[in-house]
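Right, I'll just put the structure down here and ask away after.
To keep things simple, chains are lettered A, B, C, D and E as they appear, and every chain counts its residues starting from 1.
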Amino acid sequence: MLELRSVTKRFGSKTAVHRLNLECKPGEFVVIFGPAGAGKSTTLNLIAGITDPTEGEIWLNGQPLNRVPPEHRNMTMVFENYALYSHLTVFDNLAFPLRAQRMPSAEIARRVDEMAAILQIGPFLKRRPGFLSGGQRQRVALGRALIRDADVYLLDEPISHLDAKLRHQMRGELKALCQRKQATVIHVTHDYREAMSLSHRMVVIDKGHLMQFDTPDAIYHTPANEFVASFVGEPPMSFIDVKLTTRDGAPCLLITGTEAQPAIVSLGDAATAALAENANALRIGVRASDISLSTTASASHGTRAEVYVVETLGHRDIVTTQIGTHLVKVIAPSGLGLQVRDTVWLNIEPHTYHLFRDEQSISHPTDEMRIAQGV
Amino acid sequence: MNRIRLYGLMLVLLIVFVSFGSVAAQDGVTINWVTISGFYTDWAEQVAARFEEDTGINVNIIDVDIGQLYETQVLESVADTGAYDLLTYDAGQKAEFAESGYLLQIDEYIAAADPEVIAFEDIAPALREVTSMWRGGVFGLPYYTFTMGYFYRCDLFENPDEMTAFEAEYGYALGIPQNYDQMADIAEFFRRTPGETLAGQAIEQDFYGIGVMAGRFDQVQDEINSIAWSSGAQVINDDGTPGVDDPEFLAAANLYVDELLPFAPPGALSSSFDQIVAQMQQGLIAQTAAFFLDQYANMAKTEDMIPGARICTAPAPGVHSWVGAFGVGVSSDSTHPQEAFDFLAWMAGAEAQREFATGGGTTCRTSILTDTALISENPQTMGHYPTLVSVLDHTAAANFYPNYLFVPQGGKIYDEMTTWYSTAAAGEMSVEEAMANMATAIERQCGGACEIANEALGENYTPVPMPFDYEAFVASQANDIDAWIAAQ
Amino acid sequence: MATVRLHHLHKSYDRGKTMAVKDVSLEIADGEFMALLGPSGCGKSSTMRMIAGLEELSGGEIWFNDTLMNRIPPKGRNVAMVFESYALYPTLSVYENLAFPLRSAGKPLDEIERRVREIVGILQCEDLLQLKPANLSSGQSQLVGLGRALMRQPNVFIMDEPISHLDTRLRSRMRSYIKRLHIELGYTMLYVTHDQEEAMALADRIAIMDVGQVVQIGTPGEVFHQPASRYVAGFVGEPPMNFLECQTEQNGGSPSLSYKGHPIPWGSSEHTRAAGQVPRDVVVGIRPFYVSLAGERSASHNVPAEVFVVEPMGDTTVVTVKAEDTRIQIVGEQKMRVNSGEVLWLGFDPAHLLLFDKDTGLRLG
Amino acid sequence: METPRITVGMVLRHLLMLFILLIFLFPIFWMVLTSFKPAEEVLTRPPTFIFQPTLDNYRYAFEDADFSLFIRNTIVIAGLSTLLVVVFGSLASYSFARYNPGDGHIMFFILTTRMMPGIAVVMPFFLIFRDLGKTPFGQALGLGLDQVGSLVVAYTVFNLPFAIWLMFSFFQDIPTELEHSARLDGYSRLQVFLRVVLPLAAPGIAVTAIFSLMFAWNEFLFGYILTRDAARTITVGVSGFQTQQGILWGPLAAAAVVCILPMLAVAMFLQRYMVRGLTFGAVRG
Amino acid sequence: MSTGSVPLPDTSVNGSTGSKAKHRALSDTLYSVFLITPAMILILIFALVPLAYAINVSFRFADLTSPRGVAEWVGLENYHFALNDAFFWSSVQRTLHFAIFAVVIEMILGVAIAFLLNDIKWFKGLARSLIILPLAASPFAVGLIWRYMYHPDFGVFNYLISRVGIPEQNWLGNSQIAMGSVIAFDVWQWTPFVALIALAGLQALPKEPFEAAALDGASRWRVFRTLTFPMLAPVLTLVLVLRTVDAVRLYDAIVSLTAGGPGTSTEVLTFYLYRLGMRFFRLDQASAMALLFLYATVVFTGLLMRRFMQNMAARTRAKQ
């Protein structure tokens, strides 16, 4: 059990990590996810003992770790910039942690070969890191961290520099490996797919503040705020500023900037109740995969938009549409033949959007759907 | 990277390896003699070896560059390290070394020593005065003199064309200059540019009337002082006040700067004596100003290098040129003063000095300097002896010694002279200004009037029997002292 | 603006020891958006740098319209470029960075001022003008780099991995922005990237390079659906295409396909037509979107597979299975719930099966 | 295949470089030439370029002037002091680069110790070593006057500031992650320094070593004040050719050739690292 | 165990954790102090003791050759003397004259050579190796050789220039040009150092801004003025400081080349200090002057280096 108890880290006047509370069960795979500069690596460094917290405590298995030097914490770490020893061969890099334990050389050789096979770096064992590609280096770095047994494995962007194919493959290997090891893993990444794919639970942080700590599903489907919503999913969620208005006596939402030709969005019941108190700074967020577009207006597709740009993914297209000043991305089947400035109609409905007030979530599509379906 | 590591390892091994060789223990008494590097090293080593053979006392000779000898000796003496048993000093530094207690007074040792070996009376009296004596006591023995005389190309001086031309121009016969004005005339006369003739032959390169050493390498003062002394002027007056700003002295310095220097090769302002020798050897100059007679052997090589050239010596005009020698004394810090003295006595003694002389050194012992048989056997290395003896004799007879040699700050004053004289020579300031500065410097060094301790001079002087009469030589107007002696 | 033609371009380094670019011929039409796609070291950077004039040619010709550019220095080519590393002038402020191209051209001060304001307006970065590059975030730096390239009216607009250092949100936004910009301005564009998604999303046509050669040039659709080779097929698409080593059998004129003894339905007319030329050993490629899983064996779901890893992706779920010893990825519905270790049956959409020669990697049919 | 074009400008640049090289190498050429000149050819007008070469000057330097001892001393002194500089300097420099003790003030102080004119401190050095040489400690380590140890210490002290400054940027350029990684692997700080940091800073250490070697090899003032005979270094030995018989130019040139030859070799061998290492971290992309 | 499927036994987890409490980390501060200790001890002893000695002596009467040796306290008298000593000021003037000219020429020439070295293709490595040769030579030893080459009658320089029709010069004997000759020697010896550092700086510059400038059509001069030079400025500042600190301490070359002559035209401060201290043994006056000199140098360096120091410290902090 690894615990961070209200850990704060300040560098001068800058707060890198702010009162962070985490607990990570034995064998759990926790991903820390956030944009650059969010404090992800700092958190990892705090756990590793590379830096000391300004405030708060870190506990491992019921023992406080304060002022325990890194070499006595029994953790291993993969660093984002690989941190390979350029003066040692790949073999020696992998053997380095084992040699610290004074392991017999035959055993070292066995383990290195084993790890090299898993990570497909066998042919490079005699080379120096300087002669490896970025992907190969990253695998060596990963291997060096995983080769020995540790209480906690700390992985800082361990596979983000691999090319797409290898990344997919290594993601699988990593997941399988950690499952087998029953290892407690803290994994840092800025790639939401990696985070979703690997984690038991995800920590989303921004500017040192914890945004949400939950399972990948919950993060994706019920983001706590705009930040989390915007950072999870590809293409990213589109946000539309709205104002509360009424149509036929019923409250509904008006997309700002469309006052001349009002684009109105209906409200779900749950949201309506919540908005009774305060209806300032409202924004709806739609995922490209949650909405669809049609070239003709209909009951379901009632929000008028103009095609801004069309990008293809191969089997599908991402159509960026413009409503007023807002850009909304929609995943559409390829081959619609849409041109820039064409008019299309979107189905922005309670079951397709997240509603935020002051950047905090009010409702989610699933809630609305559940309500709509009377579950 | 591997290669670097390899080279590093090699370096370490090398260090370890050579460190082994650096320790060599010696038993018995070892005497450290600090002396001038490259200075008859062979002879010194032989003398030391022979001495060790006879006595079992090991003599370690430490060579130091002439430019640094003074400070290293003073430093070690001031710090009482006892590193050196025998010190080597210039006549000008004797007073300081003796007064400051760096040198041991050795009268008693001399009295106790074998008179045959040491033969103190045999040392030329003038050199004894300037090198050994201080306040009535003996502080060291001279072993090498670099007393000044005058070198000239007598083949040119005797060339009929040149003689005629000179007399026509200056109204008196070309010959050894009787005074520095004449020297200046000669310098002017012999200055020739390419295309002009010299001794009847057209020349291709510049020819200069005189070679002088006006740079900052400790020789300019000997040249200027010699001119001053020839007219009786002194750096320090008898009352201890600076004499460099007196009119006679200024006249001498002006003559040097205005009438000699312009006819010297451009090297004059940065030359030291070896370049003067080279100028002579290369046929660039007709004469020197006051110049170190001990360079005779080197000067004489000119005769081999230039067909028809002959090098002759004479006392410098007015005879009162620089008289001095390197002395060696026992350091007062020495832990083995007796052994040190024994070696000194042996090294400066008659036997070792005879070898020194035959090896090309210029000894300070009258008996050798006047040994005509020996001289005629070694004309290439001893040809200057007669001139040297006459200078020494004349100095002693006239009882004329530069006052600054008897001032404890003499060495420092000598050093200041280099600066200020060369400043005047380089035209950086006027002679008057430079000498005024020099006077200030003298007062600063002495802290007012200098204390001159030459009260003992002259009283004990007994004339040495000379092989020839210098006054008669000068009167004869002959050009070559060797030839003149032979004719007697 | 210009048409750019590359004619048998060669580039070698180390006195010919390493060939970076081998015989590349390419034509970028006036106003076309061309992407140069390939992994690092494929020669795309060298090609691009030769076009910009930053590197000398070892062979071949480069034409802008009717002008041979081989010997023209970069200065004379009027090429605008956005660098991967931004290449901002570190000692100059953002304003001066933007003004630099015009100052070099000796434009009058008021015109420079006007143009800078205009570009800053487009890019919406007025507040950055007085900052030094060291104080910019990577997104801001990229914006300034882009702005600087936009200051002039270039013959060719080159972008070298311009958005690869940005975070997801910004990358997505900049991608749309660049595409729209191209539509608005109509520049001849060369976009160099290793990210197939960007190339697909942006380009009119994509030139895919591998070890110094162009292996396919085509529209995104062509590259995606009709890859010339296994290499292209594997490079384009996310998640990457699955490959299975299969055998073809001729059963009385109608060929069939089997994977390690498991028959795979294969029946489109196109395939039948090609059947005569199909060798026995082939590699079958299928994109993860066109593979499905079934709990029961059926005619369409014939290949047994064990679930290896399940990765929920929010809107989709990526399942990696092991069929015999080959890993196959399937992109499934968000709701799809399977567990690792489970054994299921794979089905392949016959319409999206691609066949490749086992030895040459070229697509068959 | 098209070869790079040869332009007039390029040819001119190469010619200019050749000319500059010629100028910079001429004095060294002349020194070597002089070292092979017979005595009578040394001071001639005009100077001679063609002559019967002789090894007399080298013979003189080695036989009469005891240069083999000076060379041995110099190797020991320069080598040991370089070793000490590298060891102490790298420890300190690393500390400054990583932990910045004294917030830059100690660093600057160390730099200022290099600014005192040597002539002003040589006397105190002389006195320190005189007294140290009398203590058992000093005797054990050879820290007396005319002993190798004292010059080793003196040169180490002089070189430390420059070494610390030089290595600073090298240490700063080593990613801290490497050290953190090694510590997480279970190595102590000192082990990390020895096994990870030092090997990675090897080019910096090479540059530092060559500069401190060069300094110690070429130093003159302290060499002659602190030694007499037994510990004399080669540069001081060279000064011994200024004699009362004049400057012995030929042997002097020979000695100077011998004196700078090893440094030339070292400098040429390591110039690659010198170029890499000399930015003092002042240029950052 | 790397891929073993057996979970870690609990005991080992507890065991390792249990021992953790004993291993308290040595604090960074303590460790950093520990690392600098050996160097600091040496520096403190051998820099501070002589400094203290010099300071002490500078307030006393100290003539080592007089029987009084280091004697009574005289207050500021020596400083008073130094500040009123015309020779001190003229030697300072000469020192500055030398330092400014030598360093400026070295900087300009060195940077130019660095550009050239960076530009050439054909014998780059060789040129780089050869150009540093002067740097490796002992200033004292080659100084003597230069004195020999400078000799107006027998020196090779005069011979060479007379061959191309330039009148012969009295290099070290003419007080108008002697300082120039010393500067030439220093330039010869130290330009390679500047060139080497400038070259290192040049090679460390990022390539892309220059490529961007090429595409933007910037002239060579504009590139140099707005890019190269400002980007090299920090490293050039550092060379400037290092060279200036060395140049004002010039000693060996003066001893072997001119001994301060002709006259006093090359007598720089260090040589005057040498004469005062090691010839006249007036340690009091010499120390006072040396301390004034040290103070001036430290202030000068401190001013120039402040930015650099701050950057370095900032980078260290950023890394922590």
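Following the convention adopted for this analysis, a residue touches a chain if its C-beta (ideal position, glycine included) is under 8 Å from a C-beta of that chain, and two chains touch if they have at least 3 such contacts.
Note that this is a predicted model, so its numbers are computed, not measured.
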Reference subunit A; chain at largest CA-centroid distance: B
Between the pairs C-E and D-E, the one where more C-beta pairs touch: D-E
Whole-Å separation of chain centres (CA-atom averages), subunit A against subunit D: 55
Rounded Å distance, subunit B centre to subunit D centre (Cα mean): 38
Interface hub residues of subunit E, defined as touching at least two other chains: 26, 151, 153-154, 206, 231, 255, 278, 317, 320
Residues of subunit C engaged with two or more neighbouring chains: 90
Contacts with 2+ other chains: residues of subunit B: 1, 67, 71, 75, 275, 278, 282, 284
Subunit C - residues contacting subunit E, complex: 52-54, 73-81, 83, 85-92, 96, 100-101, 103-105, 148, 152
Subunit D partner contacts - residues on subunit E that touch it in the complex: 26, 28-29, 31-33, 35-36, 38-40, 42-43, 45-47, 49-51, 53-54, 113, 116-117, 119-123, 127-142, 144-146, 148-149, 151, 153-156, 159, 188, 191-192, 196-197, 199-201, 203-206, 231-232, 234-235, 237-238, 245, 249, 251-252, 255-256, 269-270, 273-274, 277-278, 283, 286-287, 290-291, 293-294, 297-298, 301-302, 305, 308-310, 312-313, 315-317, 319-320
Touching residues (chain side subunit B, partner subunit E) in the complex: 67, 70-71, 74-75, 78, 96, 100-101, 214-217, 265-271, 275, 278-279, 282, 284, 412, 415, 419, 422-429, 445
Interfacial residue positions of subunit E with respect to subunit C in the complex: 206, 208-209, 211-219, 222, 226-227, 230-231
Complex contact set, residues of subunit A against subunit C: 35-36, 133-134, 163-165, 168-169, 171-172, 175-176, 179, 190-193, 196-198, 216-217, 220-221, 230-236, 287, 289-290, 308-309, 311-315, 318, 320, 327, 329, 334, 340
